[in-house]
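Read from first to last, the chains carry the letters A, B, C, D, E and F; within each, the first residue is number 1.
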Amino acid sequence: MSGLTHVDESGAARMVDVSAKDVGARTARASGRVLLSPEAVAILRAGDVPKGDALGVARIAGIMGAKRTPDLIPLCHPIALHGVKVDLTVVDEGVEIAATVKTADRTGVEMEALTAVSVAALALIDMVKAVDPAAVITGVRVEEKVGGKTGHWTRPHE
Amino acid sequence: MSGLTHVDESGAARMVDVSAKDVGARTARASGRVLLSPEAVAILRAGDVPKGDALGVARIAGIMGAKRTPDLIPLCHPIALHGVKVDLTVVDEGVEIAATVKTADRTGVEMEALTAVSVAALALIDMVKAVDPAAVITGVRVEEKVGGKTGHWTRPHE
Amino acid sequence: MSGLTHVDESGAARMVDVSAKDVGARTARASGRVLLSPEAVAILRAGDVPKGDALGVARIAGIMGAKRTPDLIPLCHPIALHGVKVDLTVVDEGVEIAATVKTADRTGVEMEALTAVSVAALALIDMVKAVDPAAVITGVRVEEKVGGKTGHWTRPHE
Amino acid sequence: MSGLTHVDESGAARMVDVSAKDVGARTARASGRVLLSPEAVAILRAGDVPKGDALGVARIAGIMGAKRTPDLIPLCHPIALHGVKVDLTVVDEGVEIAATVKTADRTGVEMEALTAVSVAALALIDMVKAVDPAAVITGVRVEEKVGGKTGHWTRPHE
Amino acid sequence: MSGLTHVDESGAARMVDVSAKDVGARTARASGRVLLSPEAVAILRAGDVPKGDALGVARIAGIMGAKRTPDLIPLCHPIALHGVKVDLTVVDEGVEIAATVKTADRTGVEMEALTAVSVAALALIDMVKAVDPAAVITGVRVEEKVGGKTGHWTRPHE
Amino acid sequence: MSGLTHVDESGAARMVDVSAKDVGARTARASGRVLLSPEAVAILRAGDVPKGDALGVARIAGIMGAKRTPDLIPLCHPIALHGVKVDLTVVDEGVEIAATVKTADRTGVEMEALTAVSVAALALIDMVKAVDPAAVITGVRVEEKVGGKTGHWTRPHE
């Protein structure tokens, strides 16, 4: 047994059968950050409209990205999403991104939360790449997972 | 002037007009890595079929992800892609991902290369999340950009 | 409180959490019309095959458009659709479009019905734009909504 | 000859062959409006963040909608888009929407401009439908078309 | 009565209302084959990596294709998929493809199974078309259907 | 050298770099058929509206399917399509499908033509499956390819 649930005993990829899993409320939280130059941070922090739109575009991209997860991740199940929230916070080193995704379905939504963070990060880089071509996405990870057979998982302290 | 090319003078987002830009060969290289537990690395390193498929699924996801870039990134131009290559290498800490994207069009393809890396990383996490729920995507960034008005850009040494 | 359910207290957009909403049968009816030149109406009214196909293409586009609603409307929930019906009627001023969408899920389907009407209207214009470049889409609106917490809503007489 | 370019002599739909058409700069402008209740207009006019986000979400939806045009309109050619701009202006009766789309390809972009306006309108309605379930999309139409064999077309005064 | 469930009494296409259908476990199995030249079969049979990847790419394409069914088939309902399995076997005449799709929803999943087989076959042809431009997809058909009002259907012996 | 252009020397899948290929007019013709029961053929042959819509829906699905080719086939390049034509002819054994796709780009369009035929066939089966659950797609193949480095290829007589 390889431990990889998405491949069968012969090693072939499959979308694993979740028919027997319970339908139930599930939540996943993920986070990540985009490291930016001081110049890019200053532009995002400036109190005028562009700031709103740059972060706003990334937020919308993250929410829409969560909905595209089964299109992007080959073996992800297409499931209903009941709520998606993406928060972006400008900090000294760049922008912190947090996403929370909820469902009441047969699979967890950690891939949806990770995808929301990743796509928001990509969209943010697209907004600032003319002033900072060296932006870096870092620390994209699941923080917490509630519901399902594995119950409540919280990222262990490092 | 905010320096953000994707917002106009009033701060509203737009897909910037590239009609006046030259059509020409452009290449972008991006990289990133997925940090994994020793157990997950061992599974990926095991010489049997699942390894092939786990990395293979991520590779395909990355290539297809590059093609979905304008669907995911709100202000990205839909452009032709002439070549996409995604490499995954298992290392002690996890998996290193590198993507190269080529086009001959009016915009650069660094967003496509970053998207290829990000989607490959997400797909890889999806493959191993049952054995390693704490995987982290890190260091997703443009390494090199060739072509276009800005010419040849290489990530500066840190 | 702004009254806008899709933005939180800080004004940030989100896909609102509907976990607590009841699953139940819901129906929405929307309508709209495309104003056309007499020449375009005459072509659509002519008793030969093209008429069938022009209206048929628009009908199919409307049904498929309803399915794409969560891809198009950033904060719409992806939900199951149980039935979609799009009717097009040629009248003296152009074409009247009516759409009915049904589901048994946690959100209403008025956006799906409005999207079906809009996409059918766009597809119809695409079919006739060579003979009538001045076509206008008008009066796209929800007519009736059944089910959900707000119960039965019918458009008030004007 | 029916005059419908998208159907052949037997009436069957087709994506018309544009191989022989010139590649050249083309622009299309379209407009439309969403009629809203005074309450909804007041919320959009209030000087706080939600306003920005409500209009911002619609603007992004319109830009992304333009890119999805060939997915939505069955016989539309998939083409490169060089620029998309969507403007929303709050007026006493609701919101005015204007879209400008540019390309240098073999087909006009009026369908892309109309789709941008329609999807922005739908997204706006989604944002305000909790306070105004009776919103109406009206007057969606091409205003001006530049480039291509038919040259410069401007909507005639009514 | 025409017997075509997807058209109403006037002959117009519609997505049929399945609200009254039971939610229940449903499975569909479909199969098909791609006829290839001996040279292409030999390459696929060679024991090195390309074989793995050629079949692996087709397998992934089939699984992802199953998820795109409602995007491709105009009147198909968008439904949850609980499991998708695609098997490819190299035989003397080419490659045999089998797909199994499971759901617990209101409609059968035979279209999803047929789409999985067809897209896997197309992706396989794309992989080998440089060495065999004459490949043929043949015998794509439902083998078995379990669940739903019609109960258990098995393809009759010919 | 394996002869598989879509895998590199190590066997990894890639979207092959076509930058060096010439842009030029290219056409591909593909065909296929759906084998149906006499009852299903009789319904399609009946002279009333349903027939038109059943074939019309399949035709539209085929045209739209051609546009989705790069979304479905992992290593296909996203390219401009200049024309797509899908013909369906009812014959005694079922329905014959022929598709012609044109472009002026760097890659051939045989995958687009094969996809158009396959998706039209799937959509047709969806229309008739209530009366004929045993329909079979057969003989999907490229008939002719014009343009590109390989020049004019016609399927050899069998």
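One rule holds in what follows: a contact is a pair of C-beta atoms (placed from the backbone, for glycine too) under 8 Å apart; a residue touches a chain by one contact, two chains touch by 3 or more.
Model, not experiment: these values are computed from the prediction.
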| item | value |
| --- | --- |
| Reaching subunit E from subunit D through chains that touch each other, fewest steps | 2 |
| Set of chains adjacent to subunit B and to subunit E | A, F |
| Pair of chains joined by more contacts [C-beta pairs], D-F or A-D | D-F |
| Homomeric contact subunit B-subunit D: same or different residue positions, threshold half | different |
| Intercentroid distance (Cα basis), subunit B paired with subunit A, Å | 15 |
| Centre-to-centre distance between subunit E and subunit C (centres being mean Cα positions), rounded to whole Å | 31 |
| Distance from the mean Cα position of subunit F to that of subunit A, given in whole angstrom | 36 |
| Contacts with two or more other chains, residues of subunit B listed in rising order | 12-13, 49, 52-53, 56-57, 60, 64, 68, 71, 74-75, 80 |
| Pairs of chains found to touch, sorted by chain label | A-B, A-C, A-D, A-E, B-D, B-E, B-F, C-D, C-E, C-F, D-F, E-F |
| Subunit E contact footprint on subunit F (complex, rising order) | 2-7, 10-13, 32, 39, 43, 46, 48-54, 56-57, 60-61, 64-65, 68, 71-76, 110-111, 114-115, 118-119, 121-123, 125-131, 133-142, 145, 150, 153, 155-156 |
| Subunit C residues within the subunit E interface of the complex | 25, 56, 59-60, 63-64, 66-68, 80-87, 102, 104 |
| List of subunit F residues in touch with subunit C within their complex | 49, 52-53, 56-57, 60, 64 |
| Residues of subunit B that touch subunit D when the two form their complex | 8, 12-19, 70-71, 74-75, 77-80, 105-106 |
